[in-house]
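Per-chain residue numbering starts at 1, and chain names A, B, C, D, E and F are given in the order in which the chains are listed.
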Amino acid sequence: MKLLVINPNTTQAMTDSILEMARRNAHSNTTITALSPEYGPRSIEGHFEETIAALATVETVAIHRDQYDGFVIACFGDPGVAACREITDKPVIGIAAAAMHMACFLGHKFSIVTVMRRAQPFMEDLVRQNGLEAKCASIRYTDLSVLDLDADPRRAGRDLAEAAKQAVAQDGAEVICLGCAGMGLLDEQIRSVVGVPVVDGVVAGVKVAEALHSARLRTSKVAAYAWPESKELVRCSPTLIRAAHR
Amino acid sequence: MKLLVINPNTTQAMTDSILEMARRNAHSNTTITALSPEYGPRSIEGHFEETIAALATVETVAIHRDQYDGFVIACFGDPGVAACREITDKPVIGIAAAAMHMACFLGHKFSIVTVMRRAQPFMEDLVRQNGLEAKCASIRYTDLSVLDLDADPRRAGRDLAEAAKQAVAQDGAEVICLGCAGMGLLDEQIRSVVGVPVVDGVVAGVKVAEALHSARLRTSKVAAYAWPESKELVRCSPTLIRAAHR
Amino acid sequence: MKLLVINPNTTQAMTDSILEMARRNAHSNTTITALSPEYGPRSIEGHFEETIAALATVETVAIHRDQYDGFVIACFGDPGVAACREITDKPVIGIAAAAMHMACFLGHKFSIVTVMRRAQPFMEDLVRQNGLEAKCASIRYTDLSVLDLDADPRRAGRDLAEAAKQAVAQDGAEVICLGCAGMGLLDEQIRSVVGVPVVDGVVAGVKVAEALHSARLRTSKVAAYAWPESKELVRCSPTLIRAAHR
Amino acid sequence: MKLLVINPNTTQAMTDSILEMARRNAHSNTTITALSPEYGPRSIEGHFEETIAALATVETVAIHRDQYDGFVIACFGDPGVAACREITDKPVIGIAAAAMHMACFLGHKFSIVTVMRRAQPFMEDLVRQNGLEAKCASIRYTDLSVLDLDADPRRAGRDLAEAAKQAVAQDGAEVICLGCAGMGLLDEQIRSVVGVPVVDGVVAGVKVAEALHSARLRTSKVAAYAWPESKELVRCSPTLIRAAHR
Amino acid sequence: MKLLVINPNTTQAMTDSILEMARRNAHSNTTITALSPEYGPRSIEGHFEETIAALATVETVAIHRDQYDGFVIACFGDPGVAACREITDKPVIGIAAAAMHMACFLGHKFSIVTVMRRAQPFMEDLVRQNGLEAKCASIRYTDLSVLDLDADPRRAGRDLAEAAKQAVAQDGAEVICLGCAGMGLLDEQIRSVVGVPVVDGVVAGVKVAEALHSARLRTSKVAAYAWPESKELVRCSPTLIRAAHR
Amino acid sequence: MKLLVINPNTTQAMTDSILEMARRNAHSNTTITALSPEYGPRSIEGHFEETIAALATVETVAIHRDQYDGFVIACFGDPGVAACREITDKPVIGIAAAAMHMACFLGHKFSIVTVMRRAQPFMEDLVRQNGLEAKCASIRYTDLSVLDLDADPRRAGRDLAEAAKQAVAQDGAEVICLGCAGMGLLDEQIRSVVGVPVVDGVVAGVKVAEALHSARLRTSKVAAYAWPESKELVRCSPTLIRAAHR
């Protein structure tokens, strides 16, 4: 399949590491492209940035929807996923949902380890929106920013491994989900410290997209993700206006 | 207080009726302005449109954040509310959250009556995100579109009243929340048919904004709604770039 | 509006501070009266006292139901609120429900800080009864009794601020609800220590009552809060017998 | 054991049928007394009446707490149970809680069949307060009043059996709980129609009280049901004042 | 009644202590027999062992179903209970469900104290399956194995009491459930340290079985526990083949 | 990968259709084998049969655990999955869990359509155990038995399609999960009638197993699925005794 991995964070180094994780774990007959939207925040750490990135992601899917067989949204806030599912019926997979659902097959409960405190309530909402409260042991945050992951990977890995250890020791976690698209290359370091499976969302997203594509399963168009209603989009970009039509 | 009511649906007739409902129910010392963002869909019925409207709403709050004491987001999907709360600490109130919380003081459970089927799962997510599942008896939909409300208010009122009656008779609803910003002027018609309190979100939003302002309660900045982190917003509008700075 | 604030704790000093908080935060066109029932415990810290206070509160509303436009029940156990709603259709607002719902507009989750340990399970039930489990980060208790709040406000403020700090640091609270009607005057002290919004239930109760009154929203009479059925009340007070009739 | 069954509804015919059900199902070494409080409503169908009955029940337990080994509160709203548990450490069992917990051993889910519509939200709260939402298939109401049960038992049995059949056929109920203390003598009639176990709360309450007494299990005094704090009860009855002291 | 207590752990010393607890707490007219299945693990600490024990327990009930009036499954994982309920309509009571439901009458919330860590997620599932999440404060584990309980009861009692104390002090527990059938004889030791009611599942199981038998309440056969469908059981034991027929 | 699909129902025709569905949807580099345990019920429709099948499935995994890279348990009750995960760290996937998790990527909520009524409570437990209550719209049953699926596929397809249509029209389902391993070949028939994605558990199970294997994700051994403790298994089969050792 031809799979487009979109990094809503407009930072090339992060897109590079996402692409590396995706390619390492893709099937041999999957072709992966990774890119960022044409605009948006360097990194996504709050709702303001996520709201910009969500629209930018929708525009990116709109531009490429005919060229690819599926889409992975590589930010652990799953920005724009619901909207993207309306403008295509091909698989659109958020890495947070993918990581959490995959984690459910690996242990009794998972914890998410992530960047700064403001990410915690954000991810609590995400867990609830996916209906997975009962399987989420905790969301542990650190002092890291998203861009620290690339700037100082050693420290990042150490801090995340420490958070993961506490999740396993104190919260009942049996699996760790990495709570940011830029953490994938740290997975082995964390796993070796904490001794439980570590799920990178990018990897999980690729595998879920491949699975759905291979099983010919497409997004339901009966309600939540029906094609957009026909209407005027006042002063919106041509991309969005085209996207609104099937 | 000076209160800005933002209608994320870019339809003037709807903005007019929203303003009328807001003014009718505001305190005498509240000054209400109502407007739509500079761009966006004529009406919001799905995630695609909501994603556009969310960013347009954030930009609108960004432009006006120093001129007003509080903001009501007049679309029953509460688009952009979380993001707006990051760029100001003044009250930012979504009408869905406002209607649902106010309804809890009026009866044991509320139902939402709304437009077409695709709105139902959307609002289920909203109920869950607000943590009010236990108080929501049902979400009943009709065949109406958002713009039908203005185009044929008689039919709209009749269909919504019928949905409301079923919610009361079969689902255990004791209060009805009107599930669209454009339904306010139908409240008396529906109330007279169904015999239980009918809560318009615009009214509820104005009252909650006034309440918080009067009590000098401002948005918590400790985590979920902290001011945006400092970073580059690539190719974003000057409005957004300014908004990112406190 | 004419608003009656009932302090179910029969302690005048507490009623005085409740009145002060209510008046400070009321709209200019709201007239506030505060009083205690004619009988009942000096303070309410358990179910036994709450059961007495609930009936005393109902009798108090019964006596005054024609003289006022709304009622605030100023005890963080919301004693008798459901019963009072049956004997009037004007707003009857419990301060616990009011504080918790208002807190939902200010941050992602709230914690309650309260008096002695026995209050904790009591308030857990209250949170559940209001269906707000998902928004309540924790209920933190101290060694204080209700009457300690007035006897030694400095210590009370310090202990509550400490509990609030732990709620923010460890439990994910972004807003603090003061878990007793007698804590209002400590709000600034606590807010200055903990750095997040602090919601006093009396203030919240007054604002919600004003909001509903202004929006002409009255209690639903379709089921949970229908007028009492006609029947004999054996050896009950004349007040109660009259209250049973609309 | 010596067991006191308190009927908070002050109707002798109902107390008689409660006593009959209790005695039929008690162990041979259990002595049952049944009585009503000295005051209160003839029947309990709403919160107003329940609030009166709760205090009357507490006074009744207070008067008799030294003469009996356990107490069953025979009203399906469990009025005053929490308060009664504070003034004794002997078992105090509400028939609603008893019926629901016992039903859990008999089938996958239970439904409650009860009197008029206003009882439904009341019992929904009760189910939630007992934490049994996941085991309650539905609460089905009829047009009956509490006193209709005695006045026209044939119709009552027929209407309740019909409600029970619908609960089994449509809601997934496998067990039926009778949602009023006065329904016990109808159990066989309903069971023969509906073909699933029918649990009378009075019977369940007696069995649970016997079970706890026999196992020497007493109410925990560490928090929720600790002995009342020492304090003045202003203008309360001598019975209540004595009750407040262990 | 004639009650069969089945210890799915094939360790005679454990069966002996279970029998002692059961007899101590049974009514005078209850005759208790205790035995283990003919095969199975010495102790049950995980799902693998539980799966073996479940089938062994079913076979044991199958063999004895006509000789007894009820069955208690004395392992805190309730192995095979649902299956056993299909092949008889007499009470089949798992000690975990019995302990948890009884605990609900004794305090606001219970905690379970149990053996090694792997038991914790197992029991979390059990709590959820019984729908009692809201009443379970925590599940605290120790370093003990099941067989340590008999081998070194002093240490076991001390470690469990310590876990129980933490549950009461930190988790809000008001009642302790002993999370293994072999802990019953430690109940007094733990209760004296922790000061709250301690519920042994064997005792609770016996009391619930007696209660249901006395009230002539039998398992519902309408769905979840209907008699097995008629069909071939390939290469299964004669006991199982006979069990499949009513 | 070498994947073993185990059909716990000992019916060859069903195993054949399972194998066909598995092979149709497997990646080209996956080798699928399908077989039934050496003993067990012809079909699984209740807990009694499921308990037998669970142990038979564990023995089957035990025998083959070194020859395969992963295991799919092809019965929509997921019998023995937890136990199997203890005796290997390779993926062990139950088809119910796989279908439900995959369905979450395709629509807002899924419904399960299944055989006779007794399957409904069984599957409700399964949904809860997987923590997916919020995503499950309903479980609709028919009059079919498991073996009817093969005996009269036309009727089976028609009845299941009818149940699926009701789930979509009345319950809010957007995706249909086929609630039995023997329904796979009916997927197209049902999809064409109901117009939403139809997920066969066998297909989902194969895709999830492939995904985890490809991503080198293995079962967590820290608690719930740790290797069995060392102990005597009295009179158990040599297969089980060997299985207990890593």
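Operating definition for what follows: a contact is a pair of C-beta atoms (placed from the backbone, for glycine too) under 8 Å apart; a residue touches a chain by one contact, two chains touch by 3 or more.
Please read these numbers as outputs of a predicted model, since none were measured by experiment.
On the document's contact criterion, could you list the chains that touch subunit B and likewise touch subunit D?
Shared contacts of subunit B and subunit D: C, F.
Could you label the subunit A-subunit F interface same or different, taking same to mean over half of its residue numbers are used by both chains?
Both copies, subunit A as well as subunit F, present the same residues to each other, with over half of the numbers appearing on both sides.
Only C-alpha atoms count here: how many degrees separate subunit D from subunit F in terms of the superposing rotation, rounded to the nearest 5?
The two chains, subunit D and subunit F, differ by a rotation of 120 degrees.
State, to the nearest whole Å, the distance from the C-alpha centre of subunit A to the C-alpha centre of subunit D.
About 51 Å separates the centre of subunit A from that of subunit D.
Please tell me the distance, in whole Å, between the geometric centres of subunit A and subunit C computed from their C-alpha atoms.
A distance of 43 Å separates the two centres.
Give me the residues of subunit A that touch two or more other chains.
108, 120-121, 125, 128, 131, 134, 172, 174, 222-225, in rising order.
Specify the contact topology among the chains shown, as one of line, ring, star, complete or other.
If you draw each chain as a dot and join those that touch, the picture is no line, ring, star or complete graph.
Where do chains touch, given as pairs?
The set of touching chain pairs is A-B, A-C, A-E, A-F, B-C, B-D, B-F, C-D, C-E, D-E, D-F, E-F.
Considering the complex alone, what residue numbers of subunit C touch subunit E?
120-121, 124-125, 128
If we count contacts the way the header does, which residues on subunit B are in touch with subunit A in the complex?
Counting only subunit B, the residues touching subunit A are 10, 38-43, 45-52, 54-55, 58, 80, 82-83, 85-87, 117-118, 120-122, 125, 128-129, 131, 145, 147, 222-226, 228-229, 231-236, 240, 243-244.
Mind pulling up the subunit B residues that touch subunit D in the complex?
Per the stated touch rule, the residues are 108-109, 134, 172, 174.
Okay, in this complex, where on subunit B does subunit C touch?
25, 27-29, 91, 93, 97-98, 101-102, 104-108, 130-135, 168, 172, 174-175, 195-197, 199, 203-204, 207-208, 210-212, 214-215, 217-225
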